[in-house]
Amino acid sequence: MIVGILKEQNDPRVALVPIGAKKISGLGAEIWIESGAGDQSYLSDASYQDVATIKPRNEIISTADMIISIKPGGDEVLSAMKSGATVISMFAPYNDDTVVENLKKYPVNAFSMDMIPRTTLAQSMDVLSSMASVAGYKSVLKALEHLPRYMPMMITAAGSIKPSKVLVLGAGVAGLQAIATARRLGAMVEAFDTRAAAKEEVKSLGAKFVEIEGAADDTAAGGYAVEQSEAFLKKQRALVQERAAQADIIITTAQVRGRKAPLLVPQETLDKMKPGSVVVDLAASSGGNCANSKQGEVVEYNGVKIIGDSDLAAGMPQDSSTLFSNNVCNYLAIMIKEGKLDLDMDNQIIRESLISSK
Amino acid sequence: MIVGILKEQNDPRVALVPIGAKKISGLGAEIWIESGAGDQSYLSDASYQDVATIKPRNEIISTADMIISIKPGGDEVLSAMKSGATVISMFAPYNDDTVVENLKKYPVNAFSMDMIPRTTLAQSMDVLSSMASVAGYKSVLKALEHLPRYMPMMITAAGSIKPSKVLVLGAGVAGLQAIATARRLGAMVEAFDTRAAAKEEVKSLGAKFVEIEGAADDTAAGGYAVEQSEAFLKKQRALVQERAAQADIIITTAQVRGRKAPLLVPQETLDKMKPGSVVVDLAASSGGNCANSKQGEVVEYNGVKIIGDSDLAAGMPQDSSTLFSNNVCNYLAIMIKEGKLDLDMDNQIIRESLISSK
Amino acid sequence: MEVVETIESSFLVNLLYLLGAVAFVWGLRLLSSPDTARKGNTYAAIGMGLAIIGALIEPVQNGGNNNYGWIAGGMIAGALIGFPAAKKIKMTAMPQMVSVFNGLGGACAMVLAIVELFQNQGTTMGLGQAAIVYFTLLIGAVSFTGSLLAFAKLDGRIKDKHVTFKGHSILNNILLLVVIGFMVFLMINGGTQGMIIGFLIVSLIYGFSFVAPIGGADMPVVISLLNSFTGLSAAAAGLIFGNQLMLVGGILVGASGTILTVLMCEAMNRSLFNVLIGGFGGGAVAAASDDGKVAKTANASDVAIQLFYSQSVMFVPGYGLAVAQAQKVVKELDDILEANGVDVKYAIHPVAGRMPGHMNVLLAEADVPYPKLLDLEDANSALPNTDLVVIVGANDVVNPAALDEPGSPIYGMPVLNVWEAKNVVVLKRSMSPGYAGIQNPLFFHDKTKMLFGDAKVSIQALVAEVKNL
Amino acid sequence: MEVVETIESSFLVNLLYLLGAVAFVWGLRLLSSPDTARKGNTYAAIGMGLAIIGALIEPVQNGGNNNYGWIAGGMIAGALIGFPAAKKIKMTAMPQMVSVFNGLGGACAMVLAIVELFQNQGTTMGLGQAAIVYFTLLIGAVSFTGSLLAFAKLDGRIKDKHVTFKGHSILNNILLLVVIGFMVFLMINGGTQGMIIGFLIVSLIYGFSFVAPIGGADMPVVISLLNSFTGLSAAAAGLIFGNQLMLVGGILVGASGTILTVLMCEAMNRSLFNVLIGGFGGGAVAAASDDGKVAKTANASDVAIQLFYSQSVMFVPGYGLAVAQAQKVVKELDDILEANGVDVKYAIHPVAGRMPGHMNVLLAEADVPYPKLLDLEDANSALPNTDLVVIVGANDVVNPAALDEPGSPIYGMPVLNVWEAKNVVVLKRSMSPGYAGIQNPLFFHDKTKMLFGDAKVSIQALVAEVKNL
Amino acid sequence: MDTIVQFFNGNLLLIYLLIFTVILGFEVISKVPTVLHTPLMSGANAISGVVIVGAILLIRQSDPTDYFSLSLGLIGIILGMINVAGGFTVTDRMLEMFKKKKAKS
Amino acid sequence: MDTIVQFFNGNLLLIYLLIFTVILGFEVISKVPTVLHTPLMSGANAISGVVIVGAILLIRQSDPTDYFSLSLGLIGIILGMINVAGGFTVTDRMLEMFKKKKAKS
């Protein structure tokens, strides 16, 4: 069985690093890799020498039994693949209904790693988590590239600098990592999320949760979030806007799977922000949490820089590749037995991640 | 007395921020400022309205009794100034013998703020310290922009990431700040400096000091580094090379006033570094501590990115401007009495910073 | 000549007794600090040796009979029973053993009182004398049966429910009145042999009934109380025999036993009254698994001593560490332990906490050096050689169900095999489950003890206790 | 009738004495813990009241004379002198005062012994009796002159050098032999009035000479020792008067005074022997400025108590905090103080440390909340209302020379005006200067005390001491 | 009342001694760390075995033919001796774990 | 030797009492924090003023015309009373600063 790794077209990462290739070989598969696939992750062809075979792109596409990539390959790849071959990537079918439809056109089995259920067991293959974690970390660094101010407090002979205020909206994996990173650098961090558990999680990182009194009691609900009154939600939105206006940095990560991202920083909030402040919008590609944000661009509005980037993990290609590759290895470990694809359709992970089969 | 502030030509900072302008007005001077001078520091003309007068550039140059800037103005400015006017800037005469000669051509009194002696008393005017501090902080962020790896340790479901190793060469103001910043982000930090006091200072930030025996004694040099013997430098280069081969990030800040910066990371050291590693050379403008480094450029050599930037303070213009402006205010406070320039030539600070007088 | 000899020998005896008394005091004093406790026990034992020698040579009435044979026989027999019993008993069963010993001491006093009463049968005792003898009998008897019942309960031979019933405390109060009334009557009127035996029986019953309603978990407190009773009976017997050492020693035990009882109650956050009223381990956190297994609880000082005397300790931080923000106190505890030669490591499970690297962030904040952090693999290979694992608010990541319960939602997830270490202590607030929402069989494991409470508070308590050592 | 009355009243007296004795013991016990010390003093005072009442109504030989007038006069006179003296004395002069009081107590015992000797003039005392009386005289007299000299030294009225000379300890040993020889002679042979007075004088001289070579800084230890002497003389006087309370009270003071003396020596890291041999404040860190001013040193427990009982504390961190890496222990101390209602702030001087923001980095690492950090301006306006400033390894930034010594290289630099606070404690390792290399007059300021040692170690000691309170 | 008064006055020193012993008993224990509760209880229990002294004296005072007293005394000695011998031994074993250290620091 | 033996046997309880008092004196003090050294010393000093009892008894026993005893006794009472009154007062003042708290926690 031949597993093929192509050079990503619009991404510096690579889906399998040499250590990963070694592991997959261990499962009995042969690894073919396109020349230069790892270059931008600082993994030279030479580093793959012992564990994979360098092959031309076309040959890989047409010969491999399985092709793994981070960004899904286009028609160029899918149409040239063997019938019955397997393709593994992050198709994000929940964001775009046409994805699955389109895949059905090709005689391949397509697995989407972002469809792996987020069960305890699947955590080691959870690419959403590992990439979100990188993105959260990177989001703070990205903000600091553009912030014209210090983040930590500084009392110096040339004057005292107040610590930056950071507001994190959406305290999922990326949000929590952003909180932790900003706290490390001495910022005053506040965060907000609608999930009930988020409050404790935010506090567990030493940050403040933006909260107003009068939340409906959820003790009876056994930890599940209860619906809050509309008055409460309104008050809360108002408070978040108030905190946002004070912030030097806002990092937004709020996403609702399969829907457009909620607008958390509307124009009128941007209007109130100090010039020189920075917004990093990790939800830019799914509509954006911040008004004006554009995926992949830095927009300046009223002195506020709005960085739309849902692909921040790509900004740290070496470790991102390693983590992705580890996820892939753990995933393949439940798919490949003795060099053969051996799918256990009772396995929830496999079942839910298979989005199109021949 | 009119104090003029021009828009810097190649720098986003501004020499006087509104708060500073207010203080100088308090000394009895009138402030004229060029339109847009503060723009890139997110200080609009409007914010200067109450404390300064917006004037056209030419008028300021020809009318002001004193012109303050961060980067020295060229012939355009100096030649058009009133005779007997004062110009305050960072001329860095120690790096370039022609500076003073050139200034003598104009009928102005030139004060160089980077010549202010580094006495305890002068610390509040010490622009070298305040800007180096910003640069040190920023150097770590700059390195992280380019580092394809995590800085902190991460044990995650997708694998364990080792903490980055950071080597700081030259533990002066900038170096110490870099150490502190990298430590905050969870890096393993080592540092080296030839000054005897540096070891304790490095340890006082919780970092490790790379020790080499036989450094020349500098107790008599008043805080500045002295030149070291060639044998010593060789031994040091050897050890640095060894540590560098391990490092993910090297930050070099070593400078010897009035001389070319020592070469601490030569080509053969670069050869041994891991691809994807980053060198930030703060001494780039005075020759560079790292082979291949070019001021203002990011050079890639053998997979190692070398960032030559002696001007990192400019990358954080708002706070840098504020700090510089505070330094300026403290400086002017000893020069201006009741709206008049009143120079006390017994004052060491004034005496030593006056580099050319009509 | 004869007179002088008597005086001389009684001087020696008095000196022996005096030294014995001082040895008792000093022994108890040293016993109350960990560093010196062993020495204290030895001193007290030496005091006892002096006391016995004194008793053997003290000039007595009817001097000359002595009956040393009987004495030697009794002592040898007692020693032959006592020593091996104490040597063989398992560490965990020691409190029971102490209880038995205590009961026997009480029985000894009881026997002495019986003999005294029977010998004085017919002659009239002074009221004071009578009060002392009956008191000895009563207290000795109560201590005897009470201690034996305490033993049986602690040893699991008798279940609480077998020996008590609703309204037991009313019965006890009635019994107490009966006993005291009986005693006063006997003191004033003297008693026939039958009445004395009757009084004896009532006393024995009262001892049993007194202990019966008290929960098994509270037994150590009761034993301590009964121990101070035995001390009092020894003191009273000392008055009977006009022996100052018995008096002093008994009073000493009575006083320190009483205060110790109070301290033990305080340590359990309960009042003595509360304990005596009973209610089967009332305050203790009862925690049973579905199949009726019970999680053992520990207290901070037990854990502290285990920590202090371990060679290697592994902390397993989890989400609870983050919630409690206990990272800095954990580091403090680590520092103290390291300073005392304990090897401290941290086992970091890849998904501990709620975000990737959660534990890393916290432990870096607390300045825990990187080399101390072991990842899953390294930790699992180090665990079998670890003396004590301290789980700080982790749950799912140490759940053995992941390995051996195919039905479990976490089956197949690699976990930290903490049960391979010699001992496990779990710090959490309750028995509630972690993120995965499933019960954790580890908590009911033989090697595991639970230390309930907020992790930061618990660790702070451990720090305080370890500093005490 | 008369007999019964005597018995009854002596029962009352005995009971008073017994209660008095228990009050003394309990008082002392309570005195040894800060929380209860005041109550302890009250208990002891009540005990004293009971004792005096007992003494006033105790049935005595020659009963009926009583001479209550004399007694009342004496007591009123004594109270009129003692109360106001104790009320008016300045806090700092209290140890001297105690010394004087102690000397007077010794003198009282001495007087009693003299009267006893003079009254028994001619009659032969038993050897034991004689030993007791002479012992009382000797000890009382030594305590008297010794205490007065201690007072004079502590009060600065007599300088060490005025009263001692090389080889003084040889003189003392000779004197001691003379005194003891004299005493034994008198005990065995009895003495004339002249000889008794001679003995008295030698005893007084010995007391003076005994204290003379001991350094002024060691006086508290000596006072404590003399205090236990006074206790012993009171006990001996108790034997003379057959009074059990005097005996018990005296012995109690004797014993606790002795152990206290030892503890005081230990706290100074010296042996009692070392102290008694003298050598003028031998172990203490002597630190004098150019103009001969001396920096006062503090110990951790003094500082701890000041911290604990302050309303507001300001830490001033400097480069020494960074060198010692003491930031986390400072935070720990802060936490404990805050928990006890102390308002804790940090004064951050702009150039403290060795790089801009040095203190910020460290304190952020220790998680000190930003609002607790005051910059120069805020700190200087808060300082006058601050009870205690703790300077942790800062030096130049708190140097008043910057304000008032125009010649100083730092003249003109704004500094933290810590001397405007009520008290200042400086934590550093030695008297060596900071970065600027200049001496700091702050260290010799009236309000300032130095706590020498590595800052981390010192703060750790403070944490331990404060936890004790 | 008279009896009590007489007893009190007659046994003054004894009463002092008892009271002081009680205080001493309290005092000596009052600061014991919780870890030592059980060993201390055990040690105190062993000391309460001093009642064996009474049994010894009983037998020594008894007539060699007074088998009632002798045999009860014998029982007393055996019981007491078990308490003493076992008590001190078990205490010592409990305290074994305090053997080690304090190391370093 | 005989005297000592007789004294010992005759005053056994007294000796017990004295020894226990000494132990109690040690015990009660042995854990005092350093901050309390001076107040404790002061308090103990005040207690040693119990010697005034002797002075009172002396005067009460004296013949009203025995001016020698009376005046020396008077001196004794004055001295002792100064010690007692001043001693307790000064101790109390020293302890004033311990008045406050423990607050919060």
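Residue numbering begins at 1 within each chain, and the chains themselves are lettered A, B, C, D, E and F in the order written.
In the analysis below, a residue touches a chain if its C-beta (ideal position, glycine included) is under 8 Å from a C-beta of that chain, and two chains touch if they have at least 3 such contacts.
Given the structure is predicted, the values throughout are model-derived calculations rather than measurements.
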item	value
Set of chains adjacent to chain B and to chain F	C, D
Same or different residue numbers at the chain A/chain B copy interface, by half rule	same
Of all other chains, the one whose Cα centre sits farthest from chain B	E
Centroid-based (C-alpha) most distant chain relative to chain D	A
Winner on C-beta contact pairs when D-E is weighed against A-C	A-C
Centroid spacing, where centroids are CA-atom means, of chain A and chain D in whole angstrom	68
Averaged-CA centre spacing for the pair chain F and chain D, given as whole angstrom	17
Centre distance in Å when chain C and chain D are each reduced to the mean of their C-alpha atoms	41
Where chain C touches two or more other chains, by residue	25, 29, 248, 350-351, 356-357, 361, 364-365, 367
Residues of chain E engaged with two or more neighbouring chains	13, 16-17, 20-21, 23-24, 27-28, 31
Multi-chain contact sites of chain A, meaning residues that touch two or more partners	123-124, 129-130, 133, 152, 154, 156-159, 161, 184, 186, 206
Chain C residues within the chain B interface of the complex	348-351, 356-357, 359-361, 364, 367, 370, 373, 375-376
Chain D - residues contacting chain B, complex	319, 322-323, 325, 350-351, 353-358, 361-362, 364-365, 396, 409-413, 435-436
Chain F contact footprint on chain C (complex, rising order)	7-8, 10-11, 14-15, 18, 21-22, 25-26, 29, 244, 248
Touch list for chain C against partner chain E, complex	24-25, 27-29, 31-35, 37-38, 40-42, 44-45, 47-48, 51-52, 54-56, 58, 60-62, 65-68, 70-71, 73-75, 77-79, 81-83, 85-87, 89, 91, 94-95, 97-98, 101-102, 104-105, 107-109, 111-112, 114-115, 118-119, 127-128, 220, 223-224, 227-228, 230-231, 233-234, 237-238, 240-241, 243, 245-260, 263-264, 267, 299-302, 304-305, 308-309, 338-341, 465, 468-469
Residues of chain F touching chain C in the complex	5-6, 8-9, 12-13, 15-16, 19-20, 23, 27
